[in-house]
Each structure stands twice: as C-alpha cells, then as structure tokens.
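Pasting a structure here, questions to come.
Chain naming follows the written order as A, B, C and D, and within any one chain the residues start at number 1.
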Amino acid sequence: MKAREVEFEGHLIDSMIFTKALDIILDLDGEFEILEFRVGKKKDDPSYARMIVFGRDDAHLEQILKELHKIGARIPDIEEVELAEAPADKVLPDGFYVTTNHPTFVRYGGEWLPVEDISMDRVIVIRDGRAYCIPIDEVVRGDRVVVGEKGVRVVPPERPRKSTVFEFMGGRVSSERPTERMIEAIAREIYELKLKGGKIAVVAGPAVDHTSARNALAALIRDGYVDLLLSGNALAVHDIEISIFGTSLGMDICKGRPVPGGNRHHLYTISKVIAAGGIKKAIEKGIIKDGIMYECVKNNVPFILAGSIRDDGPLPEVITDVMVAKKKMKEALRGINMVIMLATMLHSIAVGNLLPSYVKTICVDMNPSTVTKLMDRGTHQAIGVVTDVGLFLPLLYLKIKEIEAKE
Amino acid sequence: MKAREVEFEGHLIDSMIFTKALDIILDLDGEFEILEFRVGKKKDDPSYARMIVFGRDDAHLEQILKELHKIGARIPDIEEVELAEAPADKVLPDGFYVTTNHPTFVRYGGEWLPVEDISMDRVIVIRDGRAYCIPIDEVVRGDRVVVGEKGVRVVPPERPRKSTVFEFMGGRVSSERPTERMIEAIAREIYELKLKGGKIAVVAGPAVDHTSARNALAALIRDGYVDLLLSGNALAVHDIEISIFGTSLGMDICKGRPVPGGNRHHLYTISKVIAAGGIKKAIEKGIIKDGIMYECVKNNVPFILAGSIRDDGPLPEVITDVMVAKKKMKEALRGINMVIMLATMLHSIAVGNLLPSYVKTICVDMNPSTVTKLMDRGTHQAIGVVTDVGLFLPLLYLKIKEIEAKE
Amino acid sequence: MKAREVEFEGHLIDSMIFTKALDIILDLDGEFEILEFRVGKKKDDPSYARMIVFGRDDAHLEQILKELHKIGARIPDIEEVELAEAPADKVLPDGFYVTTNHPTFVRYGGEWLPVEDISMDRVIVIRDGRAYCIPIDEVVRGDRVVVGEKGVRVVPPERPRKSTVFEFMGGRVSSERPTERMIEAIAREIYELKLKGGKIAVVAGPAVDHTSARNALAALIRDGYVDLLLSGNALAVHDIEISIFGTSLGMDICKGRPVPGGNRHHLYTISKVIAAGGIKKAIEKGIIKDGIMYECVKNNVPFILAGSIRDDGPLPEVITDVMVAKKKMKEALRGINMVIMLATMLHSIAVGNLLPSYVKTICVDMNPSTVTKLMDRGTHQAIGVVTDVGLFLPLLYLKIKEIEAKE
Amino acid sequence: MKAREVEFEGHLIDSMIFTKALDIILDLDGEFEILEFRVGKKKDDPSYARMIVFGRDDAHLEQILKELHKIGARIPDIEEVELAEAPADKVLPDGFYVTTNHPTFVRYGGEWLPVEDISMDRVIVIRDGRAYCIPIDEVVRGDRVVVGEKGVRVVPPERPRKSTVFEFMGGRVSSERPTERMIEAIAREIYELKLKGGKIAVVAGPAVDHTSARNALAALIRDGYVDLLLSGNALAVHDIEISIFGTSLGMDICKGRPVPGGNRHHLYTISKVIAAGGIKKAIEKGIIKDGIMYECVKNNVPFILAGSIRDDGPLPEVITDVMVAKKKMKEALRGINMVIMLATMLHSIAVGNLLPSYVKTICVDMNPSTVTKLMDRGTHQAIGVVTDVGLFLPLLYLKIKEIEAKE
C-alpha cells in the first residue's frame, strides 16, 4: 500500500471538484482518508481539503495522482517540472504530458510559469524560459518537453456566479427553452462584451447563406460586433453568388425558388473570383458589392477560410493545407473572448479544440446532437441553442439594435 | 394468359400516373400492350391511354387490376359496385374495399355516387342511397359494405399548376430553403385562403407554449385566422399556467429561467381549472386572462383536446376516450381547407389520417424526420418546413400583418 | 432576516446533494453558515452536515426550505405532516404537496409512514392510517391531502456503487459507446436480475415489428425474461399481420418488399381479430400462430395496450380511455424492477412518469434526442442506448443465450 | 415566338424523363406541341418522342433547351461542340459548360467523344483529340474548354430493371424497412459484384472504430471485399490506438469503459506512429498488429487519408492539402463499381461528388438527415440505410460469410 498527501483549494463543493476527486479515487479502486476539510462558511469563502490517497503500489498510486492532478489537486511538496528532449522533429519523449484546455502552470526554475496558448490535446515545451502549449507537429528536435504530471498545475475555471446567461445556462443545451428569450440574453452578452472592449469570433457554416441570415451577419460585421470570421470555401462562394447572381446554390433568394440554369452560378461565381485574383480584388473591382465577405474586407475584419475535400474551386483565399489553416486559426483566436458557432459541426469542433476553457462559446444548430457534441468540452462557459440559424441571426441583430437604442 | 382492357384519362404524364401504371404491371410480372396513347398537345389538354393488361391467370390479372384501380384506371365496361352485408357490429365481409384518401366514387344504381367523408384506411358503406366512408368501429350489423374494386373510381388530385407555394414545394420538405421566404409564402397562402372564405385548422403541440409563439398563436385566433384548434392536455395546461403563474413548466417565461417551486405550478394549474369546473368556466370567473385557450373561448373557435397516456390531470375538457376524440376530430375537420401542424407528431399523423388528399397541409417541426413522415401522404398538397416553431409563429404573424397592411 | 437550522445525512458529496443544497440557497439569494461538516473518512461512511439557512423574511426562508426539502434536507425538530381536506372530487386544498419520484415518508401519528405507489407529479393522501401517492383524478371529496413540506421526508437514491452498467453509464446516453459491448452488459444485467427473481417490463413501439426484432422479443417472452408488456394498438396489429399474412404494413417481411394489395392486410388483420372476438380468442381459434402477442397469451405474460388517436380499429383488447389505461399500467408496474423501453417516445415517457426513481430503466431508440428526453428523470438508474432496435433485440437475445450457456 | 424541334429516345415514361421534360417547359413558361409519341409496346421497347418547343424569344428558347439538354434531349441537326480558350490558369471562358454526373459525349470532329472521368460540377476540355472532365483548378492557360450546350449529349442512366436491391430501393432511404433484410440484400449485391470481378471502395468515418465493427471491416479487407479505403486521420488513429493500447479514445474496447489516463492514448498513438516513420513502417516494426490499417497494408489495399482541420497530429500518411487529397481520391476511384459509405458525412459527400452517376452507392448512417443528403445525387443507383454502423458491419460480414458458405 502506498500513500501520498494531496490538497485542494477553491470552491470545492460548489464546483463539484471534491465530488470528482472522490469519484476518481473510488473508480480506480483506491482508498482515501480525509485529514482536513474546511468548507467556506460564507458565499465567497474558498474551501480547503487535505487527504491521504492510497494505492496498491507505486504505479497504482501514480495513476490515481495523475487523474487527481487534472482536476486541480496539488501535491504539497513542490517539485520542478520534469523535462525530456524531443529526439527528432515531431517525435516526443516517452510519457509526455498531454494538455487540458484549462489554464495551466509549470514549476520551472523555482517559479510557476503560465503555459502560453493553452488548448487541449497538445504538449508543453520550455523555450527560452517560457512555457508554450504546441501541437505535436510543431515539436522540433531538441525541444524540452514536459513529461509526467510533476510540477504541473491545472486551474479549472470556477463556475460563473453573477447573473448572466452563461451562469444560468452554463454547459447546457436549450432545446426546451424559449428561443426568443435565449436570443435576447445572448444579444445582451454580446453587447456588454463589446462595451468592455471584448473580442468576438464567428464560426459560420454555409447554412448562414440565406437572405436574412446573411444580411444579418453582414450587418453585425459592419456594426463592429465581429472581430474574426472563421469559415470555409462554401460560405464564401454562396455569399458571393448572392451578390453577383442574386441566387444561392442556384435558387433565387428573393422568391426562394430555383432559377433556370442556376446550378451553374456556383461554378461561374468561383471562376469570376479566380479570374479577378481573389475575393479582395473582386471587391475592389466592384464585382462583389455586398454581403459577408464584402463587409469583412471593407471593415478590415480578418477572415480565415479553411479548405475541405468537399470544396469546388476553391477560391484563392482558401487555405488548402489544413495544418496551415489550423495554425492560422490558432493565432487569430489569441485574445478572442467569445466565439459564436453557427451551423457548422466541422469548423466548430476544430475551433473548440483550439480554445482555452475560459473563452465563452455560443453554439447554434438545428440538430440537437450537434449542439450536444459541441458543448462537451468540460466548461461552464458554453451555451447551446437548438434553433434555426436562418431565423436566429436576424432576430439576434434586431435584439442588439434594440439594446443599442435603449442605452 | 388472361387479358383485360383498361383506360386512363387526365394529366397522365405530368402526374406520373402512366409511369406508375407501367411500374405496377412490371413489378407484378404482368405484361401490357398499349393500344392507344394520346398526349395532350397543349398545356391544358388531358391525355388518354388505352392498353391491354395480361396476367398469368384470373387471380394474377385481378391482382394487377386492383393496383391499377387505385391510381385511377378504369375498366371500360361499367359495372355496379359489389356489396356484402356486415355479419355483426365492427365485423366486415371478406374482401372489403379499403379506402385511399383521394376523392372516390362508387357506381350504384347506375349512377356515380361520391363517397362522403373520404379518408384513408377506412371502408365504404351504402346507407339510404348514399355512400359513406367510415372507420371499422362504426360498422354496424347489416351495413352494406363495398367489397372488391368493381364499380369504384378513385380520382387522385392533379398536381397544382398555378404559381403557389404548394405548387412549388408540393410534397417536399424545406430543410435547405430560406426559412424566412417560406414563411412569407405561407403567410400569403393563409391570407388569400381566408379572403376567399376558406377555413383553417391548427394542430399544435406543447412546444408552442413559449411566450412569443403562444402570443402569436393567440393573436392569430383573435384575428380570425384559425377556425379550429386540435391539440391535447399539455398545450392547454402550459398555456393556462402562463396565464395564471407567468411560468411554463415552472420556468419564468420572461426571464427564461426556473422559478423556485415552479414545478408545482403545473399541477396547481390543473387543480385550479378542475376546481373552477373547466377551461370555459375558469375564463368566465377571470382565472384565465389571456392566451391560446382564452382566445378560442372568447372568439368561439372550437377546440378539441384529445387525451394521451402522458397526461396529468387531465383538464375537464380533455376527451379521454381516444376513439370518441377521433370521431369528434373527424367531424370538426369537415369543410376545413388547410391544416397547419405545429411541432406535434402524434396529433399531426392522427389528423393527417383523417383528411382527404386535397386539403392543404403545412407541417412545421425542428426534426426533419418528423416532417418527412408527416409529408408521406401521397399528396402534392403538403409542404414541410424544418424550423423552430418558437420563431416560426411570431414571424408568420408579422408577415400576415404586413400583407394585411399592404392590401 | 429569518434563520432556520437544517441537516443532511448520507453520501452527501458523492451524490452531489451538498453541492445542490448550496446552489439552491445561493440561487434563491439566501445565505448560509455551515455549523458542522463531517465527511465520511472511508468509502462507506455517510457524511453529515448541519447549517443555518438565512432568508429575508418568513416567506423567503420558507421558499428556500421547500427546495432544500426536495433534496433530502431535514429540519431537526420533527413536526407532524400537515393535512387538509379535499373540498370536492378531484379538487385539491391550497398549497398541496406535489410528489417527486423518490422514496418518500410522511410523519403521521408520531411515526414515519412510507408513501405507497410513489411516482412524480402526484399528491399524497392519508387513508386508514396509510399514506398513498395518487393522481389528481383519483382524489375524492374528504380525502386528507398533504399540504406544505412539513413532516415530509424525501430519500433520493444513492448513486450505485458496485460495478454494473448502471453504475458506469448511470444517467447517461451512449451514442459514442460501442453498441455491442453495451448490449452485452445489458444482457448480463437482465440475466442476473431474473436469477434473483426480479421482474422486467417491456415498453415497445411498432418499430419492433420487423422479422428479427419481433422474433427476438417473442423469444424473450417465451423464455421468461418478460413479466409485463406495455404497448399500443399498432404493435399488436403489425405483429398479428405478420402471423396471418406474412407482411408488416403490407411489406413481405422475408423479402423486405411490398406485396401487392398488402396495404389492405393492416385493416384485414384488425377485422379478423375483431370478428374472432379479440386477440386471445383469435389465438385459441388458431388464427394467430406466433409472435409477440401469441407468446404473451401462451405464457400468461400480462399485456396492456393503451389507445391513441392514431389507432385504426382498434383491436378489442385496446383500452381506449387513456386514464383507465394509465391506471392499469400503474397497477401492473407495481413490483417491477426493470423497464426496457424500445423505440416509443409516447409510451416510454408515460411509463417513466409512473415509476419510482429506483426502478432501473433501459431506453433504446435511434433518435438521440428521444433517448436524452427519456433519461431526464433525475435518476442514476437509467441508461440510454442510441441504436437501431431492429438489430438491438436479436443481438440482446443472442447475448443472453450465450450467458445462459456459459453459466 | 421562337420554336425548335427536339427529340427524346429511351425508356421515356418509365424513367420519368418525358414528365420532367414537360415540367421544365411549363416551369419556364414555355409552350410545346407534341408531334409524335411512340410508347414501346412491350417491356423492353424504347419509346420515342418528338416535339416543338416554343419560347418568347431566342434567349428564352435557349434557356429552355439548356435545361432539356441536361435530361437527354437531342436537337436533331447535329452540331459540333463549341470551344473557347482558357485565358489563364484556372480562369474559364464565359458561358463554360458545367458537367452533370451522367455519362456525357461531345460532338467533335464529326464524332461523338465520350467525356472521360465524368463527375458533377466540373468542366470539359479537349486535349489531343480526347474529351476530359476536370475541376476548375486543373484548367491551364490555353485549354480548349466546352462552352454552351451545343454538341453535348448527356445520357442519364435508365432505371435498373432486374430484381436487385438497387432496383427495389433505388434512390430511397430505408428508415422504416427491416434492417436485417436490407443487410442481407446488400451482402448479396457485394458478393455478386465481387464474383463478377467488380471493385468496391469503402468510405469510413471514425464511428466504425468500435470493436466489432472495426474487426468486421478488417475482415472484409482481409477477405478481399474491399479494393480501396477512403478516410481521414481519426479513423486511422483510433484503429491503431485499439491495436497498441486496446482502447478507443481512451475507452477499454472490451469492457466499454474509460481507462484511467486513456485520453492520452490518442496522442501517444500518433506520436508512436510518427516516430516509427508512418503507418506502414509501424506495421513492419510490429508496433501495429491488427485492425483496419493493418489489413490494408498487409493485403495491398490502397488507402487515402484526407486531412481536416479537426485532426490531431496528423499521421504521416495523411494528405494535409485537401486539393491534393481530392485529386488522389478521384484517380483512385477510377474503375470502382460500388462505394459503401459508413457514418461520415464529409467524406461521403466529397466522394459522391467525384463519382459518375452509374456507380452504385450504399450509405449507412444513424442520422436520417445525413442519409437523405447523401442520396440526393439524382441517381437510382444509391440506397440509404438508417442504422447503427456498429451493428451493421458485423452483421454484413456474417451475411456475406453465409452466402459464401452456401454457394
């Protein structure tokens, strides 16, 4: 039997961390004895717990401690982080540490270094005295990579307490809730975040490209509510097809019915943009006169269009190498405080994987399974709305305008 | 080898009836020889076809003719319908004819009698020289029931030709179409139907009971757009809970968050209405002050609430015997020209089964599979919209008001 | 400021009860001070907590205590339950207590009476010194009904600890899990429950009626694994249609393709069973020779077929009054230890509402949203499997047979 | 008023081509007069129709003819195809012809050239006297590109007539059909296609990677039923994780429950394969010992893993540039007779876009909307099965083995 003392501090009960700790120990067939347990007597007091954890042997104990570590357990005697060299590019030393999406610190040179660019399923390297969270494919030979859990501290975000829609809905999906009220609450969150100088990214799928939703997103960009647009080839092509031909995938967007020969508009649009030298040039030349991409370019809102194997064309601005696209997305997301995901599972999951746990996310999709999947990131900073994005966006824009008018 | 001559008349090619006829013959391993085929030379000319159908033997030929009959084939020498007596209540003679939902005529006494109250999966009886379509459980001993296909003529509706949303979308589901445009087109259909004195039934599930959608439906009733409401216990209870407590299933409908103890409101509502002696009395006594049921009662719009095994209570007006409820629904639907089905699969399918094929139906649901199922009634008079009914209804009301203002 | 002392005992942290208690107090803007908190030092030790709860005034404090009560809080000075008379049939006294689905006790005559037939959203009456949980419509004038929370004690079930699929999956949906492994685990649960003399009810929708699934369910009944079948008219009609005509809804069940004229089989089946005098008589007369209903009758497994407004016919055994059906279902479910819900949302939710929280439930449906909805009963005794019931049942039967052979 | 004579030949009525022709003319507000209409008198006789089509003016007539052309209309006086030079790489001449996925011929030098590599939404270029169907991004400066519809002939496939599952289910989705019978029919199709020397490609998503389904797919590859595997990084990583760690996304695949620290296995797997130099090398070195990728390599079945922005790693064999991946997929699909799509929307749609209309496709997914979307390719050569791929694959393998044993 091997034993080790661990301690926890924070809103232990409120955030269910202590419950999870006991669960982990029992699920792994470990034992525990609680030495001390101080619950905060008042609302804002932190709690503190100290316990001895028992394992069958060193390996078993180590396994338990690894899991406890991930939810914030501290092993009182502070040790330096353990490092090992990467033997080749993209090749990692044995037992390398895999990151969570929570804020993380490593004990290095007697100090707690914050890990920069934290996001999940990556590794930590120390370069020039700073700790970076990087994907496998950016590891270069000789990189000093963190191995094991020693000297690594994870700080899961506390549950939001003040009265916001995130606090109320945090981590849940609203398929039974009144959609219009949810949209009002989200409009308020967006408005207040922008008031405080926050930054918002929009991740959008091609379903956004029907008249009213497209116009609403274009208006949100024009009015300064969007700081970054992440999407793919299809969204841009459909958006530009509307501007050039007045059709979306060959359908007249005003009458909502197919235009004869309209299916060709899709490829004709791509060809026109390629001939012009890209989206920006096509806007300069007056070929594209309105819409989502137009407003991005005119208002200097950066956009990243990542390629997929479904793409026709693609448009010149599309980044066809997915690893390059992913890297650019990661960089562009730095400093973003909220991400609004609109009707795209692939892009939303990809972006979700690149975000730290404290970035607020709002996921909107008609399919409840998609929303549930997107929400499953172990964070209270996400809300899911199961609704029709084609009606959601115009209403969101209207609600924001109403709030603007009132304040 | 047995042969028989059959003939078809109408928009044969356009409505794919001729294609189906050949399909049926070949699927059943029959043979055919076309004797005459006149295609209408202009848009509105009917076509005419005459052919010999071959079967291996009498039974095989009969089988083929049975199927051809259902899509409108006529066997030129006109025979009287064949009748047989029901040996006991609810017991049918062998080989009884099963109805489709298309307009149907029977040759009786040398005349073509229209079959009254036609709807699918029922039987035809002749009473006092008139032909009625009735369900099995209404057959009484001695009823003269139609057996076989002889002397029965089915007239499937032609595809709508003029430029309406039914012609355009007829029989299809709009999950990829711009929702807002669809709603506009539906608003126009409703407006024009009412202008011409048409009658509209609404079939609604409890998902309608969130503030804006509920208010929109109540307003549509108040403004005379609804002639009949078909629903269940839950819709009425939630609607009344909002009126009495301001909550829906215990959630504050303005703030969209649960009210402490709110889960009790559901049963308290039921209890209050029972104590008052029913919905109508509760409105008279001023207990219920607004909402869907309130507007129905105040505007003399009939409603039928059919019971289900999920019901709490139920409210006194709920018909707990499903066969009684079904019979009342069938009667109330007589003369209805359009049915709007809102977020309820059980009630929508039940109502769909009671309708002739020429009644227009609009099905709205968030789940594409539900809409597809509801559409599957062999008619071009149905359109399906995959969207959030909570946003659909307020927008529909708005669009109708815009049309009213313009005209 | 008003204050009251409350206490909790049990696996407080493990079952998250303490977390919920603090949540409730803070959500309602109350305050608390923890007086004592003893965490069980070992796995099986219960925990104990005592705290003072503060409210703004009596009403506010009462509101908080009501909510705490529902999760098991005790107010140390024990008071008798408060009763009030029902002024008329189905009419309840003000402030009546609404039940949860957890085991509940009331303090009456100085003793703790267990509330019989507990299930959610009902009321408690005291009759002849015993406490009964009954629906509103069974309340009769003069019944002594529990009002308020005083003297009522709710005991939410502890989370299952031993290594079963319920412990592992408890309260979760398996859309990402290996279906075959899940089925194996469920087969073992069923086998072991029956070994111990447990009783199993099956709730089944008509989707079960395709060859292999129907045969598997019939075999499970024959082999004694089913003690009660709850379903509707459609399941029975399709099952019997297969036995009489070899078709299901007109499709040849061996070749999987429609049989000419097969759509009539549905009504012909109903007519034959009505003519025979019901399902049992039709089996006696040799009209029905195999299948689900056949095995129920032959093996004396009771079945309840509840009517719905979609029903054709219906068959004579169908209970067309939903309140009567519900009452019979409630009675039949007494003593059942596990309920398997197969591809039917309406019946599954109805049955779920009739069950105490400690009855194990297994929900199988292709639609993840349906499963999620069915699981949402505040219990760890439920598991959901998102899969095709047509493949699930044959495999389940196979796995049970493999376990039988091994043991 | 402008007029032009057109003619049609083939199974016009049976394939609904004539119906569609009339629809097109009427939808575009054109007029027609039928000059001749000969229906095949016997089952296998082709039909022939000749009609005059009227348009308001040249442009209108041209528009109608364009649409008629796409469904196979011939304009009797045969003209050479019209060509125009591409002014720059990836830049197309005005009015370029956009391909369908049906077999297509162009009239060039007095002869009908078959268009090679036909698939939808591409362009046709003439190079060295041969006609090629290529995507926009492969057009090079100076390419002679087909413009307009003149001299282009499209031959939509006739509906399958012999009694196969494709004939029966062609173009439809089986959510109400008995799954087990469908699987049997598909097993027979696969077996017979391989007997005749046909080639089968499998497109698979990561949901396949649960024990039984993975083992079944591996066995199908080993037994020679798969000639090409198209997938992404995730499928390969999970498959290899099972081989190395016995877990899939950190879950024990035998017990179906998470393994402590198992979430790391995902990245550890990627790292091990990168370190080995790729999948093939890792198999050679004995690191990977079984599974889908193992069988591909051991049995020389080519595989293409296309990258996506969700990918971790990725594995060295993954093609991260989507346009390169797409081109390789197109090449590999040459000569494939059947494609089985398993639980992946992105890859299935991408592959569907690369296929000619006569390649048989079988789409399996749990989500009915996904299957419906995949089927929507205007072909009768597709069948969709809504079921659980985790149970589908083992059963499919079993059924194929049963057929093998019998024959």
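Observations
Quick note on the criterion: a contact is a pair of C-beta atoms (placed from the backbone, for glycine too) under 8 Å apart; a residue touches a chain by one contact, two chains touch by 3 or more.
The shown structure was predicted, so the numbers you read here are calculated from the model rather than taken from an experiment.
If you take chain A and chain D together, the chains in touch with both are B, C. Among the other chains, B has the CA centre that is most remote from the centre of chain A.
Each chain gets a centre from the mean of its Cα atoms; for chain B and chain C, those two points are 33 Å apart. Distance from the chain C centre to the chain D centre is 45 Å, each centre being the mean of its Cα atoms. We define each chain's centre as the mean of its Cα atoms; on that basis chain A and chain C are separated by 38 Å. Across the assembly, chain C contributes 369 as residues in contact with two or more other chains. Chain contact summary for the complex, chain A toward chain C: residues 13-14, 16, 18-19, 22-23, 26, 31, 33-34, 37, 39, 41-43, 161, 175, 368-369, 372. By the touch criterion given at the top, residues 27-28, 63-64, 66-67, 87-88, 90-92, 96, 98, 121, 123, 135-137, 260-261, 263-264, 266-268, 270-271, 274-275, 306-314, 320-326, 329, 346-347, 349-350, 353, 367, 369 of chain C touch chain B in their complex. The part of chain A that touches chain B in the complex is made up of residues 168, 176-182, 185, 210-212, 248-249, 251, 253-257, 366, 386-388, 390-392, 394-395.
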